[in-house]
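The structures come next, written out as structure tokens.
Here chain A shows up in two complexes: once beside chain B, once beside chain C.
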Partner chain A sequence: MAPTPIISVHDVCKYYGNFTALEGISFDIKPGEIFVLLGPSGCGKSTLLRIIAGLETESKGDVVIDGTDMLGIPANKRPVNMVFQSYAVFPHMSVEANVAYGLKLERLPKAEIKAKVAEALEQVHLSQFSHRMPDQLSGGQRQRVALARALVKRPQVLLLDEPLSALDAKLRDAMRLELVKLQESVGVSFVMVTHDQSEAMAMADRIAVLKDGKLRQLDSPTALYKNPCDQFVADFIGRINMFDVSSHTRNGDAVQFDTKTLGTVTLPASLMPANTRNLAIAVRPERVRVGLEQPAAEMIAVTGTLGDVAFQGDSSLVEIILDGERSITALATEAQAETLMALEIGTQVYANWQPKDMLVLPENASE
Partner chain B sequence: MAKLKRDKPGPFEYSRKFSLRFSFFLASVFLYAPIIVLVVFSFNNSRRGGNVIWKGFTTKYYEKAFHNDALIEAFTNTLTIAFISTIFAVILGALTAVVLWRFRFPFKPVFEGMVAMPIVIPEICMGVSLAVFFSQFGLYVPAGTPYPFNLTNIILAHITFSFPFAAMIIRTRLNNFNREMEEAAKDLGATEFQVFRDILVPHMKPGLIAGALLSFTLSLDDFVITFFTSGPDTVTFPIKVYSMVRFSVTPEINAASTILILITLLVTAVAMKFQTFEESH
Partner chain C sequence: MEDFRKHFSVFLTFFTPTAGWLVLLFFVPLGIIWVYSFGENISLTEIKTTWTLDNYKRMFEPQIITLFWRTVWLSTLSTIITLVIAYPISMVIATASNKAKPWLMLVIILPFWTNLLIRTYAMLNILGTRGRINDVLEWLWNLGDGALDLIGLGAFDLLGEHFAPIRFLGNNSGVMIGMIYVYLPFAVLPIYSSLERLDRNLLEASLDLGAGQWRTFRSVLLPLTSAGISTAAVITFIPMLGSFLIPNLLGRGKVDMIANVIERQFKSANDWPFGSALSLFLLYITFIILAIQAFANMRANKGRNDG
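Let's look at the complex of A and B:
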């Protein structure tokens, strides 16, 4: 039996004048999970988060938090708390006062506030900074203040709007892990907004991919990667080589796809999606092998010249140039990359992969 | 780390460049020479204040000023008017600024322009219009009204011309308020009023202080508008000084002006102290 959702979003729409910021968004958030709203800038992620927080009112639909319909309940009465993109740490209050503010509003006894604040600051490793003013803190420390300030309220769900985007790259990677650890230790669900797919993949239990105010796909990171529902999701999550299909014909158990770059490709019919409008066939870089000899006949192969080999530590990204403009990317292991790097740029190579590794993707699964 | 010694001034070492030092010196002379002369000659043992010949040190003109009841009364009136009108100007200015910043309503630009109007209207017009307004509506204070209510007309006039300045300053301060701050407070459980009290007012504080300072000094030395709205029993310091100067310039006026300058400096210093105290805590 599935656990009762802590947040239930049902058919939420948001219109600004005649601009549609969100349309027909529905999903459930489970207790204790990290739920990520992922999508390009302007797709409505923040709007959705703010609707859950009560800072924005939905034009249509319901938000149910912990079994209570939130219609008409203002932000200050909702059992969720938010970490803002700018952190919004109060500049005229010390770290301690910032964290204590939400508890003071609850009129808790002073001693209890003190104990809870100390615990929250401990959790985010800020105990020794409790008397500092926000302008004496680094960006990362200010973010921890915002985290502690929200967590000390013991929310049912913590909402985070692009929590890592204002940090520098190195700190960002460290904070990913730290946020996940923090979530595990406090046990509340996190709903996090990001436009960074690698961040989403690294942290999320489940990801909702948004595009132009619509939910494209909701799945675990691995499922999104292995079975993207359409071209947008496949392209947005990880790297992919995509080939437009001009026409396709079905012959029993097989389908023939006509493409400009690969010519005619025959794939098993089991790969066909329900929606077949504007299809493309695609393959992930790590499935593509690069060789100097003609590959076996059952492989899908294309001839090109060797381009850049981008070293990435344990693996390398290899570019195979097909004609002037098109290219294919392959992910090579350390050993493979070494042999390829020994070759001259421009050497003729064969990029090849197995038919079963291909994905057949509609342009937009929900249209 | 050892401090480096350089002979040539670096690009940001303005204080070491001769040209900059010289221009600073020039500006200081222009700004402060008249005031220094005024202060110095308030101690001059000469019967005429316009006399630029030093006749020896004396404090007798301070004594004289302190025993000049009419002057003291004018002085007290001025301070009272400045104090009361500042309080109202800042409250009114803050409310106006918050309304203009916070809400969208029809004809808002018209309203904004109307608020800013007293800043550009010549003082003489304001003075005349206020005088006419008060007399047309019979809003004059009857003789014998107890202090400080006998100053009501002048106080009202001063609030009228100083609150737009306060509103402008506070409005400017509000422009760099991060709205997420307000939302964060709400998210933590604050009501609209608590957001205003705990987040918005502290943010406005430097603007409130600056607005108060400006209102106070505007009121302190206003001549034109006060002239049109004061009666024979409600003389303020600038008007008193003007009438004394018409009679003869004595070092007594220097002395009284010096005290006024001191009070202005003191108020500014207290306000600045208050502000830096806020910032360091």
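Let's look at the complex of A and C:
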């Protein structure tokens, strides 16, 4: 039996006048998981987080937290706490006072507050900064204050709005790991909003992909990557080479797809999605091999000329230009890339991959 | 800006007229007043500078102390009421939609486009015993009295035998209403700008951490807008201290504030030395208030940096 969800979002809609910010969003968040709301800016992910926090009211639907319907319950009475994108650390209070703020409201004894604050600051490695004012801290340290301030309240769920977006790249990578570790040690569920798919992939147990206020797909990072439900999700999660299908015909166990770039491609019918509107077939760059010789007949192949090879250290992104405007990206290993880089740009090459590596994707699975 | 030393002639060209203007029309008259304050009347038109301190000693006469006291408490109370009214107005403007904001600001700034004298006369019309406010009150009184008649209680005169208009003019209330009205926009602007700069997430964070609206107001909003509030307080209190026209017209000459007495020294009382001393004393009070505010700001900033 699945554990009872800590947060249950049911058919939540949010309208601003005629504008639909969220429509029919439903999902359950399990206790102790890192749940990521992922989507491009303006997809409604932050609004959804704010609705869970009680800072905004849904136009329709329910949010149930730990078995209690949150309808009409204001933000200050909800068992969740938030880490804001701007951190929102109170500038007129010391680090210690910031962290103690929420505890003082619970009217706990002073000694207990002091002990809890010290413990929370320890947890985020800020003990020696407890008497500093926020303007004497770096961005990363301010974020830790915001984290400690929220965690010290022992929330059922910690909500994080783009927690890493204001940090520089190096610090962001370190903080990803640290957040995951922190989550493991405190054991509460994290609900995190981000527009950065690599961040989501690295941290999440499950990801909800949102687009234009609608939930496109909810799955684990690997499932999202391997089996994206539609073209948007496939494109948003990782890199992909996508080929529009002009028409397709089914022939028993096989389906023939007509494409402009690849010509006619025959794939097993098992790859067909339920929704077949505006199909495209796609392949991930790491499945594409680049060779100088004509590949075997069972492979799907396309001829092009070698474009840029973007060195990334352990691997390289290879661009194969097909007919001037279109191109295919392949991910080459270190050894392969070395051979390719020795070639002159414009050399004729064959990009090829196995039919089973292809994905057949509708434009929008939920339509 | 920094290289005014390099282009000294250019600097001089722009600086001289301004500086000259300031020296000629501000510092020189102020100096004359300062010298007068140490003088004595020796005839109806002649003043001799004897460097006496008598004019300053007269400051401690009971009636002058009373006058200062009245000026200070009228201004203090009016400032507090002004701030209490200005704060919610500023909040409304700061939280209004971008479309409504300029219009609301216009409503606040509109009175500046009308002469103070005209506005004060308009206040006379509104506050008088036969003024608009009392018209409304009388109409309400008649309505109430009529209703009492209707239910058979007319004979008891529960609302009094006649309508008794409220007297606003010639007493402290009229002067305070006038000052609050005139200086309200001065208080709204700095408070509004401090609210506008405030990160809304801070208020949401406070709510999120379990604070109610009132606690959030007290622990987050007020402290973070304290700079705006103190600017608003100083910017209204100082001109209120020096109010002349409002106590003169709305006080009907019965509510003297310090400026009214100063004016009398220079005109009807013909005691320029004492008038000068009073003027300077008012100036010193202003300086002290500004110094206190600057000191308080400095401490607030220093406290933040030392932490």
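Following the convention adopted for this analysis, the second predicted complex is superposed on the first by the 367 of 367 C-alpha atoms of A that agree within 3 Å, B and C clash if a C-alpha of one lies under 4 Å from a C-alpha of the other, contacts with A are read in each partner's own complex, and residues count from 1 in each chain.
Convention: a residue touches a chain if its C-beta (ideal position, glycine included) is under 8 Å from a C-beta of that chain, and two chains touch if they have at least 3 such contacts.
Please read all numbers here as calculations on a predicted model, not as lab measurements.
Annotation for the three-chain superposition on chain A: chain B and chain C clash. Once the two complexes are overlaid on the shared chain, A:A200 sits clear of chain B and of chain C alike. Number of chain A residues touched is higher for C, counting chain B against chain C. In the overlay built on the shared chain, the residue A:R149 is in contact with chain B and with chain C. Once chain A of one complex is fitted onto chain A of the other, the partner contacts of A:I113 are absent, as it touches neither chain B nor chain C. Legend: residue contacts after superposition of the two complexes on their common chain; A:N76 is shown touching both chain B and chain C. Residues common to the contacts of chain A with chain B and with chain C across the two structures: 53, 55, 74-77, 81-82, 84-86, 88, 90-92, 101-102, 105-106, 133, 146, 149-150, 153.
Touching chain A in their complex are the following residues of chain B: 178, 180-181, 183-191, 194, 198-199, 202-203, 205, 278, 281. Interface residues of chain A, counted against chain B in their complex, comprise 53, 55, 74-77, 81-82, 84-86, 88, 90-92, 101-102, 105-106, 133, 146, 149-150, 153.
Against chain A, in their complex, chain C makes its touches with residues 199, 201-202, 204-212, 215, 219-220, 223-224, 304-305, 307. Within the complex formed with chain C, the chain A residues making contact are 53-55, 74-77, 81-82, 84-86, 88, 90-92, 94, 101-102, 105-106, 131-133, 135-136, 146, 149-150, 153.
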